[in-house]
Amino acid sequence: MIRKEICKIISQKLIAENIYELTVKAEMVHDITEPGQFVHIRVGNGLDPLLRRPISISSYDVTEEQFTMIYRKDGKGTSLLASMAPGMELDILGPLGNGFPINEANIGETALLVGGGIGVPPLYELAKQLTAKGVKVINVLGFQAESAVFYEQEFSELGETYVATADGSYGIKGFVTDVIKDLQFDCVYSCGPTPMLRALEQQYSHKKMFLSLEERMGCGVGACFACVCKKVDDPTGASYKKVCSDGPVFRAGEVII
Amino acid sequence: MIRKEICKIISQKLIAENIYELTVKAEMVHDITEPGQFVHIRVGNGLDPLLRRPISISSYDVTEEQFTMIYRKDGKGTSLLASMAPGMELDILGPLGNGFPINEANIGETALLVGGGIGVPPLYELAKQLTAKGVKVINVLGFQAESAVFYEQEFSELGETYVATADGSYGIKGFVTDVIKDLQFDCVYSCGPTPMLRALEQQYSHKKMFLSLEERMGCGVGACFACVCKKVDDPTGASYKKVCSDGPVFRAGEVII
Amino acid sequence: MSRLHVELPGLSLKNPIMPASGCFGFGREYSQFFDLSNLGAIMIKATTAEPRFGNPTPRVAETSAGMLNAIGLQNPGLEKVVSEELPWLSQYDVPIIANVAGSLEEDYVKVAQEISKAPNVHALELNISCPNVKTGGIAFGTIPEVAKQLTRRVKEVSEVPVYVKLSPNVTNIVEMAKAVEDGGADGITMINTLVGMRLNLKTGKPILANRTGGLSGPAVKPVAIRMVYEVSQVVNIPIIGMGGIESAEDVIEFFYAGASAVAVGTANFVNPFVCPEIIEQLPVLLNQLGFEHISECTGRSWK
Amino acid sequence: MSRLHVELPGLSLKNPIMPASGCFGFGREYSQFFDLSNLGAIMIKATTAEPRFGNPTPRVAETSAGMLNAIGLQNPGLEKVVSEELPWLSQYDVPIIANVAGSLEEDYVKVAQEISKAPNVHALELNISCPNVKTGGIAFGTIPEVAKQLTRRVKEVSEVPVYVKLSPNVTNIVEMAKAVEDGGADGITMINTLVGMRLNLKTGKPILANRTGGLSGPAVKPVAIRMVYEVSQVVNIPIIGMGGIESAEDVIEFFYAGASAVAVGTANFVNPFVCPEIIEQLPVLLNQLGFEHISECTGRSWK
């Protein structure tokens, strides 16, 4: 069930340059079904900003009825969000969409988790759940620069973790794809910039792979047709999937990215 | 000098139904020249509300660098204002306009101060200054109902004070004009709804009288021509005064109200 | 709640609140949030003869107190709407207003003829005002004679009353309204979106793949109110008003301007419960304002 | 600061930022806040042949991210503007763009002829787009042939270059722009306000005494950007863009759309220091975006 809930902010922390970790109290955690789902946040009560902001759930705790998001302070909405303090309330719509299917990785197998920038957060809950299930995870996290790196420690505790930075200021210099070529794995879960997802899909087309897409959204629930992408095998060109309600996670090869 | 200053809220109190008393720390108190001037407040930093709100200065303290306003929570801007807490900041433009000329009342004379609703606040500082100068003040304050009455005690400390309520739920039942007919005074200072000001002007045309007008404003500084009123004796019909920069206080008979 | 009951050509509305076309899909998504039978009516997404994918993404961009969209009339096509969406909607006790779009007159006529036969379609909304499609369209919404002619053709084939949706992107909205009234329209819906654009600060290029898009939301409300005010004084057919409605107060403002019912678009994205919430608040507001029935509000600004 | 220097017909601008007509009076009030010589130029309040009181009050109303005004061209009249306001302004090192308005062609011609002789008036802005006056006016701003003819007549008498200010309340802005270019305009300023309205919830009546008013502020920016984008691609004369500008980022967006300079209106009321603040921020923003000179931004959205 999708709820519209007024959630109290439990904590808000700056964890890297312009990167914030925000935890809220929310009954909707009971409805989260998979890692990789997202919520749609109304920042402020006014008309400025008007639209909600889609942010992934990076981890959640059903007993505590809390979930955590990690976001980059960027434009108007996220800047306002970053100015909010514990105790303040947020109007959140969620949980939304379909996340990463953990049952596609079998016990004993190795799953490769590939995250780029603000695509990293939803992989954290995924890593936790896969590990708990008995799937080995290898995490490859790409960032622009050292100042943008976050959650390396958290991921390390769950499995082998590689960090790459585009400018080489931290970890391995280069892109996540440079790191992956030397690794052994059975399936891939990824979230990050579209060029990264496209590269993965091309280079590992033989692997079972799940990709989380991003698209500008209106409603977030499937009603406005803002966030569509085309299906791969479609003769008419008119069939589509909606990132918000059919995704954001798709099996590689399902939609054109 | 008019300043645009970021002022910290010192206190905010509900003093009658929907009536708030708000005190801010502001260097601009040094530039206040007369009781009855006003400030133009930007509520929030966003576009909602967009325009500033004109609010009268009801009292000020130069040594403490503070001034107080009293306003009615009504529409969008004042509702948002009412939600603000001490410690928060407000963008205030002021002091603006020309207030009540206290030197028009001579020592030993009696000044009648007539306030209606949210027209009462600017008279408070006026009453203080007139009394301090040695002018006797009689205060006649009109409100809708008992629940809306405020500052009766404060005015009483400065002079004879009458309260009238439209519905008779407190004080004298009726309008301020009903009260005034039995009083003796040398000059009149008034602020309140236009019909009240008009009635005063008509009934006491022989008295020296100063009236504070209200008009919807854009700039608040005289540039946009939003707040004009016509001058009384003008053959062409094109001459005017601006409430924001020529007023808000005018000598009775100067402009058409 | 008979204080909100409104009768319009073809439409017997429990209340005058309906989601605007394109902002509610075909109702499935919002049926997760509330019972669609609570709505006065539903204006479904524009339907064209053939399925359409619409424009490339990004298709939405935010603006101050508004948003731009360039969906481009994406829809599953007449056949699927008639065979799947409308039957699904028939489980609810709510009249459907079918938004009809096309590139050529023939397209409109075909869709109107077919879709008006569906049992739960109680009226058509002729979309002659979509700013987001390249071919055709624009002339229908901006040239009075063309709009009139199209209205007439559609009226000839439609089995239900026809409302024409006007574009605000014209010099003279009154002329357009009169033309469609002359063409036989049973009602007018207004306004569609204003054509707007936003550019990306970093790249300098338009944010929308389609470059321009339609502006909706609170930002456009004053334009919509003005147009409803102007049109309602000169036509003898009812107006369903829309453009920036978010609250019961906004609804009353449209009624004052001259509307007999209203549609809520963008606000659904901000608050999926906005329609039922408004429906609940309206009687309270009518009490405050001293009205027995909402219809008393219609046209008060000029009556 | 030569990175911001812009040359336009008749105008050698220190920077491309100027207050928009009607939002800065004749400069006196804002001279309390900052040195007017810092501005690129000043567009003074519309001047008519005779003094005008304008419309009754209330003349302004707030809208979501915008405002409505119906000042009605209040001004002290040509004689006083020439004998008092312009001489007062001449103490500042800033070119004046005189906004010229009227009801009849003859009025425009008379004002243009006289005011263009003032030494600090470096250009005229022909206001054919004021939505708040009842007589005349409207045809000048909405019928291409009429606009062209008026432009031509004014060009004949003006001693300085003539910019024509376009109304956004038209079906086809490109047609209007081409017409005034054909009429000899040296530049275009756009956009004036969109016609809008707000109603009082309690009385049902319009908030503005004039009933309708002109919508300005951030709400209209996407419409303005779209129009500048469309027009700049088809005319060969420069555009001074305006409509909702509040920040240096907004300025760059207008340049990307195709403007060569911009004007700031409503934002002056919100922040009297907005113009000097933008002028100060622009070089910083140019650095961030990697531009040497602001003119490099012009038309990047379509170039």
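By written order: A, B, C and D. Residues from 1 in each chain.
Keep this in mind: a residue touches a chain if its C-beta (ideal position, glycine included) is under 8 Å from a C-beta of that chain, and two chains touch if they have at least 3 such contacts.
For each chain, UniProt lists the protein as follows: A, B = Dihydroorotate dehydrogenase B (NAD(+)), electron transfer subunit; C, D = Dihydroorotate dehydrogenase.
The model shown is predicted, which means the values in this text are computed figures rather than measured ones.
Looking at the partners of chain A and chain D (Dihydroorotate dehydrogenase) together, the chains they share are B, C.
Shared contact partners of chain A and chain B, listed by label: C, D. Which listed pair repeats A-C comes down to matching contact pairs by residue number; over half match for B-D among B-C, A-D or B-D.
Seen from the Cα centre of chain A, the chain whose own Cα centre is farthest off is B. Looking at B-C and A-C, the interface holding more C-beta pairs in contact is that of A-C.
Remark: chain B and chain C (Dihydroorotate dehydrogenase) have CA centroids separated by 46 Å (rounded to whole angstrom). One simple way to say how far apart two chains are is to compare their mean CA positions; for chain B and chain D (Dihydroorotate dehydrogenase) this gives 35 Å.
Each chain gets a centre from the mean of its Cα atoms; for chain C (Dihydroorotate dehydrogenase) and chain D (Dihydroorotate dehydrogenase), those two points are 34 Å apart. The multi-chain contact residues of chain A, meaning those touching 2 or more other chains, are 47-48.
For chain C (Dihydroorotate dehydrogenase), residues that reach two or more other chains under the stated contact definition are 63-66, 217-218. With chains as nodes and touching pairs as edges, the resulting graph is complete, every pair of chains being joined. Those residues of chain B lying in contact with chain D (Dihydroorotate dehydrogenase) across their complex are 1-2, 4, 42, 47-52, 76, 93, 215-230, 236-240, 245. Every residue of chain D (Dihydroorotate dehydrogenase) that touches chain B in the complex is listed here, in rising order: 22-25, 28-30, 32-33, 45, 50-54, 57-67, 69, 71, 74, 76-77, 207, 217-218, 266, 268-273. On the side of chain D (Dihydroorotate dehydrogenase), the complex with chain C (Dihydroorotate dehydrogenase) involves touching residues 63-66, 68, 142, 169-172, 194-199, 201-202, 204-206, 211-212, 215, 217-223, 225-226, 229, 244, 249, 252-253, 256-257, 289, 297, 300-301.
Across the complex, chain D (Dihydroorotate dehydrogenase) meets chain A through its residues 64-65.
Interface of chain A with chain B (complex): residues 44, 46-48.
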